[in-house]
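In this document, chain identifiers A, B, C, D, E, F, G and H correspond to the written order of the chains, with residue numbering beginning at 1 in each.
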């Protein structure tokens, strides 16, 4: 609450237009719902323009169902990420399926509520270096679409055959943001950023073995890469990259 | 060069409007200048909208001077980052100072050419968690200004006293992008992203000792942090964060 | 045994009030019980004011049962931590259930003997950043309760929505010690320590992926965090944090 | 500010006993002082019972002098940690020495303002495993003394000669908290916690080579150690351990 | 496409010997086949002299079958590496077995198409330090054979019994390249390079425990080893070592 | 073969007492048996005084059976370490059980041939810090016994209750070598070396979680520990420690 | 010494053509020169076709001078690598400069003896990603030249501007081996291997900061990279890469 | 003090042969001298058969001088390890040189008191892989000699030229213990252990760069190596290896 709004509220109290109790309520009310094992941040969309997202990997089916139930009741979009298929099935059995919650197995997303309406200044490119990176890329693509963005999917354009990435340079340049998903040594985002003028977000994946260090090597490589204009998210975090891309591409006019 | 332009060029050759030699020159000319120890990418600005930047840390004064000389001759802005004072002094002695190259000691930037004209959709916030993080924050601020952005500098608002960061929430919200510079455990960017709707770029710094692992701990922490809409750059990379912020905030209308 | 007690014993021998054999027995008797595969430290509670605790993760059901049996026989409280459900079931089958040993699945504790009587100067707050951190938080809460402490459980107050943690500041301040359980980047303990005057103990959890390094990143982050007055325990070590909190909060008057 | 105090303030406004401007000032005034490169948290002592401490390692002499000057002006105790001798000398030259700021070289502390009055429930033991650990132990001892605690210094009682640590068991037991400083493999805190009933805080030091990993090995070892009732701080962080010990030992009656 | 060929093509257009469309097609056609989830690089063999290889570990049976199908249709050799038996079985069920694709369980290779004809200047030695290293060694041996090389397999010649490796020195010297597969501490390649004049490629394996760090220790050891003339590939990467050996041993006359 | 023996052999050839072929055979015969997938070092016992040992963890039941068969045929003792129960059962089914090979499940040893006759200068102490360390300790104890040593087993004497280790000091001092097995932070070997004059070999175990880094932390701690006269083996390597202890304790008179 | 040569020697002894002493001398003479602090391997060139190389980084000037002196006396080429300028100056003062030993400051090589005569099947390409990588690249180039190879130096062709590397594809293809030197994220070797058919050796450099981990990140990245036909050497090891390239390119006809 | 001695003492008190005060003194007297900043363990030699050693690296010249002074006064041998030349010079100036303390620069040892008399069962071999490893090897050699052992020094026998190590096999076999000092990848100790029957202690050194990880790679490699009968000490710890070797080789008859 801004100083201006505080002053206005106090003046209304001074003028008798608002009771101390009403002002009290406005000043200190807690903008979340406490359901015991979680505090649901219903005001997040108001505050940040985007809906709540829930980390599903270490939650029980009961906890996920409880959270989804309340957001569905409030008619708000809610994304639960990294949900294993068997947990998703149990959770969906616990909420009324009629509420429209669905599970998407490739990106491992459980979604309640309708996608946001279109509101991007332009599409978001989601580029995957290899076929093995597809699940992470699809987590990114679906997240972006649910947040109201259009997506241009580009797949299997790794640096070992440069002609593949060169052939899609113009498609990438036509997007607002380019999300680049790559495992192994993670060289693709820097190569892409050297080709296009748009912001690039690198997503390292855990594809690879030994020296790949389960995705840490491409993550460190992307952070080290010298192509300016590029930023990075955590290993396999397609959701986070797409969310950041949507924040950047949001049409605020 | 796009397929359309290739076809148009070929049709001009077929119609005799262009000689094979002219077309040849257009098709294969190398868009860089070879000065022996470096290949200067004069077309980068054309290609990406932003000027060339040079990693200064491991270059000799002679190399830096040679590079600056050529960009200055081409009347292009050129930033050399991470230049130690004594190397900067030597390099500036080697180029004609009259060309206007200058060294800024706090951000350790050596700059040739005029700043770009104003061209942001709005200001960029550069937030520093502590006073010790100021050199990195200043590298970010000056980079953004040289790239044509206005900057709102906010300092010493670490999470150990939350009232400090809460007091500047609206200043941050008013910016296009928020760059958050933090050492130690690097918690500030996630806290900021929870407060504002704008894109946040976290810059871990090497401030701290022992478990801080020379900046790797805040870097890993920022990548792990669960506030969606935030991305990360390398340790102490104020330049890279500001560059990415400028790409995002660029007014393309 | 203190020098004063040694001198007193020797004087009793010199006066003939104690035989050398009796003194010998007092001086060198071993304050533990050897049951072959373990030496049970029955005197620990006398020496440190707190009962024995047993690391259950790498023990067989037979070993756990043997240890529980002997402590139950001695009517002493004994906690076995990190016991998997199937091992607990086997172990409980091996001891006489009538002895009152029970298994609590969420905190994975196997408990023999009655909880200690209330003896804290005030409650211990156990704060969990997210719903996924609940098993570790519950290990802490139940440990504290068994050690004679009262507990105030506070859940899902992570830093991405600061209003949640701000809303419980006074509850935390009213406690003797605040145990803060957090995974991902582990920023919450430092934020809490900035808000309250009480000792804070941070418990990193293994919730997170990639850069979270299975809990090492929040552990390193908490150790690095600059909020003075805060200490740290091992990843997922809710037991150890609660035990330390109980030692601190113990009413010794 | 608590809800009760907010309600009371609002009622005073409603009754005309306070003007909106006065209430406004109370509600939104920022509890820190902005001196450009830092925001001084003068209210920290009020909020947490302990004074501000400043990380000195990466600050310039000018920054340290500016901060010390303002705290001295406010007649508040201020500790600047990890200040190198040459920086301390420059900083002290920049502030009026008459203000009483002094530099202590062994613990590398720069101190402004008078120590807090005695206020501990009992002494704090500061135990150093070896002579090489003395600088870190002295940082802990002096910090505790400045915060109003009495200190019992015990030195060179490493585990390679157990009779040394056994000979001081009763001295340690007589203290409120035991801070144990140890480099190399860092085994001492666990041994101490097995001997005494008081809370133990382990401080790993960077003494050692090769496998010691500059202090990370004793830090990891202390976190892993199985003696319950022990917590850990960062490598070489004698200040943090003593600060936490003082928070624990504080006489709040 | 080289400048000479570009010029020649343009002159043919100028002379009317080629239409703009034909030239366009030659200049910009994409040398890969897009099958939706993958872009098949049929021209790789033309470009590099060796066929395409596909990383099988993180692909579904459907994806592997799709890729194999297309290469088989084009009558090109295609190696899919690191395929688990159950995935291989599913994939082979999905393609027409009549196409001749086969799975080799020890090296975990799925192969479509005929081996290349003999074309090495001499044999490749594949040396395994221990029996446990055989699966990786066999991945190397079969890869080399499929690429047209002859292989001399030498097994169980680790450094703990030097007479074993000394007894095969002349067999190794008679080869064009020596691939040395070793787990544990990975000392064998350096010992071999000290004995022979041929190029040596070290392949660290994940055999070992604890300090072996799942193969990182032998990998780091081989990179550090001082025997010049030796290079290294990733942990367990028998395929990559053999491929590189084949490139070196290729008879280009 | 020593120079003296070479000279003697050559003189016998010169004198016609040996044919070149016989000498050839002596000089270059390979002291191992090649069974295809392994080269059995039957001369190891002659060369080093101790029998062959085989790493069982990554071998198939067929490979283990093949190796055991040949050593049993040669009536030599052979130890196969780290064999999982199901693999051991398969392997034993493949060799004639009548040959006397047996599997010991706790130490996971598969043994063929009779134990060596007693030949130590004195017993070897095998000390386990906790009950969870017993499998590794038993691997050490059984290895030592099979190599002809007597063993004094001491269990559950961790540093958290020092009186337990102090009570067995004289038993340890009476041994030739003391093997100390400890997980968690691994402090016990250094404490033991401070108490006794005999050589101490530390065996870190993988007991512990989080900061224990699967045994790397106690391993690093033991290497760092300042008690001179102590050496270290790999994580969980009870076999290697006992083998080294037997080499040290061997009665060579 | 091969079995054939041993048999021939023995037959000469049997025929009285060689005395036992002569044969003895041939069989057991040590193929190195012992100069107290070093054993010089004068036979290395005979054995491996390449001269000895000496690690200079941790040697004193006296040691380097002693080694150089003996190789110069034997008229053999000797390379001392990683020699700091001040050490080189001292060492050269200690040997007679007339012997022709010289120091090359950029590659930090101290060289005694004449370069080997030309003997490569073709040139070696030494490609440097950036100007900062030049010292390592020059160490590679000079090593190759001294070993009798011709070198094609290509500089500043990093992946951020792909047109630079594409422009030299044919120059690289015309070489026997391509050594690619790259710091930062180290993406260049994989990109190069995707473009050419020749063997590629990647040399990671320590250029970069933070996440670059002093060269470990590009080293890990190159090992992980999926372009088959590429191998890797240690960080900054231009010498080792060039030596391996020379072994590969050696004309043995 | 053993139970037998306690009982005897008590019986003497019962018989009036000893006063309680005398017995008290014997029972609880502290077997060390407290000199303020250190507790000198004069009884160590009695307890363990070997004199005290002091870690010199992080001590001031004043502390070292104080410690040396007291041991010299007690006519006991005292070794201070890892003393830098300038600190040694200052320390020696502070003690009376007449006491005979000397500094040995290559092994960086400061020694007070006379070497122990000869008392080994046989010599100790100290083997250095390369000339660069000499300082660590010399620390081992001098330590062993001061502890009463004879030493056989063997230098520059690294695995890249196996004939060098093979030529000294019998010299090594003739020793009681073999200490093997090796940097780079640290392969030598395992090779040596495969050649000789004596106990081998590996000492990794910090010689090497990049992947050598400042000695961690050879340390990990030695711990992983499969040659049984070998143990390991910390990086560069020649002192510790020699001390352990002397404990093993001690003639106790």
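FYI, a residue touches a chain if its C-beta (ideal position, glycine included) is under 8 Å from a C-beta of that chain, and two chains touch if they have at least 3 such contacts.
Source: prediction; values computed, not measured.
Shared contact partners of chain B and chain G are A, E.
Shared contact partners of chain B and chain H, listed by label, are C, D, E, G. Mean C-alpha positions place chain G and chain H at a centre distance of 38 Å.
Chain A and chain G have centres, each the mean of its CA atoms, that are 50 Å apart.
Centroids built from CA atoms put chain G at 25 Å from chain E.
For chain A, residues touching at least two other chains, in rising order: 55, 130, 160-161, 194-195, 210-212, 219, 223-224, 226, 234.
Applying the touch criterion to all chain pairs gives A-B, A-C, A-D, A-E, A-G, B-C, B-D, B-E, B-G, C-D, C-F, C-H, D-F, D-H, E-F, E-G, E-H, F-G, F-H, G-H. By the touch criterion given at the top, residues 3, 6-7, 10-11, 13-14, 16, 19-20, 23-24, 27-28 of chain G touch chain F in their complex. Taken together, the chain D residues at the contact with chain F in this complex read 130, 158-162, 166, 184-187, 190-191, 193-195, 208, 210-213, 217-227.
The touching residues of chain H, when paired with chain G in their complex, are 130-132, 134, 155-157, 161, 163-164, 167, 183, 207, 209-212. Residues 2, 47-50, 53, 55, 170, 194-199, 201, 219, 223-224, 226, 228-234, 239-241, 243-244, 247-248 of chain H are the ones that touch chain F when the two sit in their complex.
Taken in their complex, chain F has these residues touching chain E: 30-32, 36-39, 41, 44, 55, 57-59, 63, 67, 82, 204, 206, 214-216, 219, 234-237.
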